[in-house]
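Have a look at the structure below before the remarks.
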Amino acid sequence: MGKGLKITVIGGGSSYTPELIEGFIKRTAELPVEELYLVDIERGKEKLNITTELTKRMIAKVGLNTKVYQTLDRREAIKDSDFIITQIRVGGLKARASDERIPLKYNAIGQETTGAGGFAKALRTIPVILDICRDIEELAPKAWLINFTNPASIITEMVLRHTQVKVVGLCNVPIGMINNVAKILDVDSKRIRIDFAGLNHMVYGREIYLDGERVTSEVLTKLGEGASLTMKNIKDLQWDKDLIRSLGMLPCPYHRYFYMTDEMLEEEKNAGEGTRAEQVMEIEKELFKRYEDPNLQEKPPELEKRGGAYYSDAAVSLISAIYNDKGEIHTVNIRNNGAISGLADDVVVEVNAVVNREGLKPIAVGKLPIKIHGLVHAVKAYELLTVQAGISGDYEDALMALISHPLVPSIKAAKGILHDILYENKGYLPQFSKL
Amino acid sequence: MGKGLKITVIGGGSSYTPELIEGFIKRTAELPVEELYLVDIERGKEKLNITTELTKRMIAKVGLNTKVYQTLDRREAIKDSDFIITQIRVGGLKARASDERIPLKYNAIGQETTGAGGFAKALRTIPVILDICRDIEELAPKAWLINFTNPASIITEMVLRHTQVKVVGLCNVPIGMINNVAKILDVDSKRIRIDFAGLNHMVYGREIYLDGERVTSEVLTKLGEGASLTMKNIKDLQWDKDLIRSLGMLPCPYHRYFYMTDEMLEEEKNAGEGTRAEQVMEIEKELFKRYEDPNLQEKPPELEKRGGAYYSDAAVSLISAIYNDKGEIHTVNIRNNGAISGLADDVVVEVNAVVNREGLKPIAVGKLPIKIHGLVHAVKAYELLTVQAGISGDYEDALMALISHPLVPSIKAAKGILHDILYENKGYLPQFSKL
Amino acid sequence: MGKGLKITVIGGGSSYTPELIEGFIKRTAELPVEELYLVDIERGKEKLNITTELTKRMIAKVGLNTKVYQTLDRREAIKDSDFIITQIRVGGLKARASDERIPLKYNAIGQETTGAGGFAKALRTIPVILDICRDIEELAPKAWLINFTNPASIITEMVLRHTQVKVVGLCNVPIGMINNVAKILDVDSKRIRIDFAGLNHMVYGREIYLDGERVTSEVLTKLGEGASLTMKNIKDLQWDKDLIRSLGMLPCPYHRYFYMTDEMLEEEKNAGEGTRAEQVMEIEKELFKRYEDPNLQEKPPELEKRGGAYYSDAAVSLISAIYNDKGEIHTVNIRNNGAISGLADDVVVEVNAVVNREGLKPIAVGKLPIKIHGLVHAVKAYELLTVQAGISGDYEDALMALISHPLVPSIKAAKGILHDILYENKGYLPQFSKL
Amino acid sequence: MGKGLKITVIGGGSSYTPELIEGFIKRTAELPVEELYLVDIERGKEKLNITTELTKRMIAKVGLNTKVYQTLDRREAIKDSDFIITQIRVGGLKARASDERIPLKYNAIGQETTGAGGFAKALRTIPVILDICRDIEELAPKAWLINFTNPASIITEMVLRHTQVKVVGLCNVPIGMINNVAKILDVDSKRIRIDFAGLNHMVYGREIYLDGERVTSEVLTKLGEGASLTMKNIKDLQWDKDLIRSLGMLPCPYHRYFYMTDEMLEEEKNAGEGTRAEQVMEIEKELFKRYEDPNLQEKPPELEKRGGAYYSDAAVSLISAIYNDKGEIHTVNIRNNGAISGLADDVVVEVNAVVNREGLKPIAVGKLPIKIHGLVHAVKAYELLTVQAGISGDYEDALMALISHPLVPSIKAAKGILHDILYENKGYLPQFSKL
């Protein structure tokens, strides 16, 4: 890495961008960003313009000399980048609404990452990220790809299997869990450490420490008694006390889809079709109105309603840990490499990892307890099959992936969902064009 | 092993007994049974008397000098036995009706082995089989235990983990699949061979051979086009053509509960509560009426309606293969020992094994294809947790087992089912007496 | 497979050929050989002529109508063959003498398979077998390659890794061990069965059965007390009683090189350079003189001195088991596929396998006892590195392979041996031509 | 952990003690040692007195108020300790001389850890450490045992398998390798980081980083060209350039015993019997003379000749990392837990680990390259067998362990060595008393 960094944000027109910029600004002392490229596609041009202008004002306010560029030319942006962040949403929120709606027709969870909705999203996203990776392989082979694009586990798995790109999959769930535990214990979140192990949106906190002392059962008791542990975009159903005690581990908010499937399904149905997507569209509209205000020179507090809290922390602090060779522990999606015994070495898992300039190395976890082993293997199998289907574009691969999803109740449902997904996403699934 | 064999049938009053006896009679030339003990409990006395008398008539008819005994003293029967067959049903068909009914209240499959009903059955059966094994360890340590008692996978797993008894778990499903394939191809079943791999009632035919030539895809095509492949006790829903093609393997009839969950659930509900158990009660009543006929000297054809076809073949031909050191291949439930890579060495799997006097050795299968890997791991995890709960009698263990069952839709359902199981089976769950 | 079989013997001019022919003749009833091709290279033309004429006389004597061909055109012979047997010796006995001599200069065991001599042999043989396999892939893709060519483990490993050919590696050591055990117990060898596990020339008999009953410790005691268990080409040093008892398994004769390294080295040195090769050259000369006798119409008893006893049994009975879909157990070198837990699925091991028309399936062995685990892993690592070196022709790969050999005492020795091997085998190592 | 720490040094009369004390003194600001117990046995009383007095002077000089105790009552010292350091040498340097001498008679490397000498040492040490652990289990169950006692790998393995004690095995080799690399590159050692993986005294540096950039091949080239990388107690034979290039990893100094066996054996023989032990006895005598000097108030520079350099750094900085919950990376001997794929989860390995108050977690390494896989597995098998023999006291276990040692050339040698070890160590091997 040279003196100043070149950082590229693909999906720069996202409403999340100001938080990311705030993250860079907070770390000015340690992270010398020379060039910042915000890239988007034609359709996102207008939004890109708004986020770029806001970015420039934010940078100007604190007196930095980072050069900010906006472009629709992805290759220009990628060339010689040090870090590339992908925060895209193929098909936009409209596609998300469809993703969330289709499965509900067939009594399947629609959720856009964990649910069958995530399957549709994966199929749309895989060809786009694959193209981006081909550009990175050619134009910035040493760059790190920090992937936020959901379903993060599947996308990272695909990049790892089908490209040469150095990739890390990132998510705000682990940080959110740490912050929630801090809230439960009423302490500063810096004093909390959690042994994470599992998959993205399927990660367990196997032990919780406060100042290095185990407090797992104390936290679980409080959680069972009603302490909240959730995220903006997941209905905050109370955890069952007995489940938490039997589990003996901290579930992530998304685990509700697996352990409380029927209630979550009920929720999704009651909420109306594609509700979360629609709410988000509303929030986004307001956010961009706010971003346009030429007097706004910092991240507006309204952004926190968006559900992406701690995102900036996760991404920028990871970049800084790599750049500054910090040896910090981050919770990331990377190649298992034996960290979770019993899962193949070459699959992507979400675990704690040591982050240095040379890369990320997972901390060995050993065997998963049998109580979570089955579910983790089942979901990982679904993810691998989805990567395969997303690349091959074979109907049978896609069907096999969907029927392997623990939340898809039958082959009939799987076929219905797949039919509707293929139909409604026609323009976004070039790999399935032969069907 | 001495000259003549001592064989003990625990649950000798079962309606299946005549088929077993027929099996021994067919193999008289190779299997010298000197003593045959039929054992049952007080409550089954009357039935035991009927089956014993029929047995004696069957034996007399063919002019054998096998001595047939009936007894309620299990220890007397076990002492110095060479082979012990367990075909018990703890709680009888009444308990089965309850097992099948309870889960339906909570939208879960009730089926008595694969469904949540099988969980109840396992909890009832584990203490009884454990007691039997303690007797075997003491009184007949060299005996082979041939276990038919369902859920066979869980029971065999328990025996393997918690006793010193030499056990084989047996099931008629693999033989049934071979016979059905033979019917589909219209050939003699002896010409068919299948590479089985998986778990009991969750076994896949990975390759199918006719006279040593692969015919897997031919069979799967016919199956997808409507050829039947089922068993008496499972509703014969037509397999989905696309599922079969995507899978590329032969599913077992019980796989319907996993791949067609909602339709099977609908079936179970429409059939009324505990229907299969009630049908069976009716069939049994008639069977025993038939057995009582002093002119009956052979297995009556009506028995085939009962759903246990090929049972005799599986059990007696296994015994003969062991006794005669045959080196034959049988499909059995035994210690994995690496046969399925990726599953622990010490779990029970259902695979082809070479059978000799010295014991059974599984044929190595390698890694399971990822399309079935997830489901097999999930079900095996449920089975291991159930063994643990069945031994410990801990509420939390039981809850964790149930919520890990792929066919139990939520913690709410799991708690409801568990509550009802514990309540309705009070007299049969000594291990849970502390609750 | 059609009506009559086409069988091709590459290295048909070998002195072993009459034994192979005898094997086919013995199995005429079950194995309809229509065409038998004996192939050799220009240099072996004369010997090929002699063995072909003898073969024709042997066939004529028993009145078979198998057509026997001799040819130097390998591709003509391979085309549409059902089974191809490779019994070649690249470089002939002269190269063997060099292989055995070189390591002794550096205090390393020279033995032509297990010793460092086997490394030289592997380097010479890999390119030739690879060429043969390319022909098979093109001209007889359904053919089985039965490989006897040593070092059988390395050659089979290479074929499995670098070609599409269906290969089985065969060796007479397991049959020899069974026969020796039979001799020790003074019973017919058909009554003996051994659980074999390990690598070629590094195979252990984990349990020994007589009529299906365990007799392992009885046999080991006798072996410790001086019963012989060896082969023609290995000096019959008495096994140490305490080693045998500690081991608790039956070692193969070649294990002497590992457990009695210094004594075997002393033996080899005392015997003079390349002695075994020279003895064999003498025996061969006499054998061929005998084969030329136009009155000779069967395998002459002198062949047994040659050291390849049971070879015919191993090869022809394997071919018959495949062709006749027998389901027999043979001890072979095939893909591990989980049979030995802890070794990778894709390495070649020597284990018992079920043999059917569809192929060979290893019987799962589970984990190796820790007492042999280390040595087996060390030798397998050497074999894998040798395959790599034999393909790549890289000096560093070759050095790494040699220094990983447990019987090569130091890098100095490894470099000396490698230097001499490369020098003395110049004409036979095209892959190293860039050095 | 309370306010002030109680630290116990078993083997407090060791000549290494002043370095350890220096380590604590250097870290006074972060590590509040309230009580320091130096324990030894009757025979070491005099030395213990000398080191305790020196310790008191060292502590006094810097004005600390740590209370220093000397005692022969191990249990008093262990009670409620926070950290216990074992630096014992059962049988003293006299036994070491015997350990080093015996194997040479049989052409085996004698070295006291890696060689067959280490086997004798392990047998003597296992019963003593086991007793210490029983005391810790009873009197200080929360204490960390920092074990320096050699052979560290075997001792740590034994503690992990046969006790409940929280143990870390520590060695100065990894720090030495880092310092040597720093010297080779002429940079400060803090800028060097190495990915360590393997076993104690058999550890490889898989990648080397300078300021987070890979410099592995640069370092290896220099090493091949003659740069030194060794330790006081190992003859500094130049590494072979081709070996280093082929290996592509940084070997540890002890690897010379495996890769340069014959030269090292020659060295050991030329050096005379038990030379290193005798040299050390001489050095120790002088050291203690020096320690007695009442004017000496700090670690004397002569200690560095002793060969234990960096020992203090390893131990005290590890204690501080645990106590202060630092999240630092240390290279330690701990439970594998999947860190090295392919080795069992429950064996001890030497790897980088994250150190926090809650304990140590190994960083996942994935599969070892096949070039080192065989040797690592072979040595680990020897270690496991040695633990077994050290506990059981069975002759056969001991013989099997020794013959499994890659540096023991034959069963004859193994039996000779074992005979002499048992004879010369009679008073120290209670577990073998039945022989």
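In this document, chain identifiers A, B, C and D correspond to the written order of the chains, with residue numbering beginning at 1 in each.
Heads up, the rule we're going with is that a residue touches a chain if its C-beta (ideal position, glycine included) is under 8 Å from a C-beta of that chain, and two chains touch if they have at least 3 such contacts.
These numbers come from a predicted model, not from an experiment.
Trainee: Going by the contact rule set out at the top, which chains touch both chain A and chain D?
Mentor: none
Trainee: Moving only from a chain to one it touches, give the least number of moves from chain A to chain C.
Mentor: 2
Trainee: Would you kindly tell me how far, in whole Å, the mean C-alpha position of chain D lies from that of chain C?
Mentor: Each chain reduced to its C-alpha mean, chain C and chain D end up 45 Å apart.
Trainee: Calculate how many whole Å lie between the centre of chain B and the centre of chain D, each centre taken as the average of the chain's C-alpha atoms.
Mentor: The separation of the two C-alpha centroids amounts to 55 Å.
Trainee: Got the chain B residues that touch at least 2 other chains?
Mentor: none
Trainee: Please output the residues of chain C touching chain B within their complex, sorted ascending.
Mentor: Against chain B, the touching part of chain C is residues 193, 195, 207, 209, 211-214, 325, 327-329, 336-341, 345, 354, 356-358, 361-367.
Trainee: In their shared complex, at which residues does chain A touch chain B?
Mentor: Touch residues, chain A against chain B: 107, 240, 242-243, 245-247, 259-263, 342, 370-371, 373-375, 377-382, 384-385, 395-397, 399-400, 403-404, 406, 409-413, 415.
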